[in-house]
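These notes are about the structure you will find just below.
Letters are used for the chains, namely A, B, C and D, taken in the order the chains are written, and counting of residues starts over at 1 for each.
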Amino acid sequence: MKDKKIKNVFRQGAISSEFIGESIYKHQTKTSIGAHNIFLGQVRADIIDDKTVSAIEYTAYEDMANAKFHDIREAAFEKFELTCMHIYHSLGTVKAGEICLFVFVSSPRRKVVFEALEFIVEAIKADVPVFGKEIFEDESHQWKVNT
Amino acid sequence: MKDKKIKNVFRQGAISSEFIGESIYKHQTKTSIGAHNIFLGQVRADIIDDKTVSAIEYTAYEDMANAKFHDIREAAFEKFELTCMHIYHSLGTVKAGEICLFVFVSSPRRKVVFEALEFIVEAIKADVPVFGKEIFEDESHQWKVNT
Amino acid sequence: MHITIKYFGQIAEITQKGEESLEFSGALISELMEQLYEKYVPLKDKDFKVAQNQELVPLETQVSGNEIALLPPFAGG
Amino acid sequence: MHITIKYFGQIAEITQKGEESLEFSGALISELMEQLYEKYVPLKDKDFKVAQNQELVPLETQVSGNEIALLPPFAGG
């Protein structure tokens, strides 16, 4: 299954658990699926130099980012036998404990979903121009870097 | 984090998307978590000799199965730096399109969750005495075998 | 020796029961299986493993008197 | 040549703007960077990549006049 149109992956603010639950529910009509694999990125309350991260403020080079997300989708559908794939990323403020990235892959068989999900998440971390400002409780900040 | 008590992993019937959503929600207070990985097994409407699977009826050697699930949990906590882990498996009838297995792992860092989730799911498939009767639309059946 | 045997899935379909108590005078799991093959002829063609005290055991294992179970191929997930 | 440059994250913090139009008479991205380093001295110490037409490009690339963006380290997820 391929999808040529570039979608907007971004959502304003945190991705809610209800949204994720509903997204899972919608797949119950797709009865060729045997395995789903979901990755969720959650904002950590990291402690850096005695200061605790209270939120991350996400910005992105949106056009390029959506094009990159699209390329990643295409590459994953090419590489793996997937029934469907969904990616959502937050923009704006996401508090510690909230979810900022939701990647959802489904396939008839399980082996495929493990490989595909890791491939997609690593590609997102490496290739997509999203920027994260870690806001501390005292309102100072630092810039997040993916490792 | 270790957990010595043997839990009951089994749930009667399908695992609902609401239950999964709530389970995700409950982790928002655990702000050391940076990555969740979720595996969902969904019953496929496989077509075998022109007959379509409409449901799987799950039974288990429950005591041994819960002990095996416990061993798998212990092994995973030993092997991987996990913040938490949850496993739920259905017993009884689960219709095509419904979810019969829910495995949820969380960790500060993403690399760990990918490895841990695959380890756990493969161990469940290989080591846990759960049996599945694939019910066809004409009410005949065959016995499922994991591959 | 009086032992309890549990049957699951396709095996229980053959034995028509989930559990039974048997009198057994042998020593090894393999001997117990011979006794069961006589009682339930179609079992011979079936693929299953044997658990004793909730652990899979090879056929050469001594029967301890603990719970024994005949387990067809696993299908979890 | 009149070109548009976009700034993001930490880079936008230095330039104090998300976008600007500049007059550029050179040829290569590296020359454009020299011009920007003069205008925004702290940029020199920062880690960033350059995208032209929404693709990362090396410094030896010809400036095409398309949209150019300065991208600090990615932090998606």
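Criterion: a residue touches a chain if its C-beta (ideal position, glycine included) is under 8 Å from a C-beta of that chain, and two chains touch if they have at least 3 such contacts.
Chain-to-protein mapping (UniProt): C, D = MoaD/ThiS family protein.
Every value quoted in this text rests on a predicted model; they were computed, and no experiment measured them.
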Connected chain clusters in the absence of chain B: A, D | C
Distance from the mean Cα position of chain B to that of chain A, given in whole angstrom: 23
Centroid spacing, where centroids are CA-atom means, of chain C and chain D in whole angstrom: 73
Chain A and chain D: spacing of chain centres that average the CA atoms, whole Å: 27
Centre distance in Å when chain B and chain D are each reduced to the mean of their C-alpha atoms: 49
Interface hub residues of chain A, defined as touching at least two other chains: 41, 110, 121, 125
Where chain C touches two or more other chains, by residue: 77
Chains that touch, pairwise: A-B, A-D, B-C
Chain C-touching residues of chain B, taken from the complex the two chains share: 41, 56, 58-61, 63-65, 67, 89, 100-101, 121, 124-133, 143-146
List of chain B residues in touch with chain A within their complex: 17-18, 20-22, 24-25, 27-45, 96-99, 106, 108, 110, 113-114, 117-118, 121, 125
Residues of chain D touching chain A in the complex: 6, 8-10, 51, 54, 69, 71-77
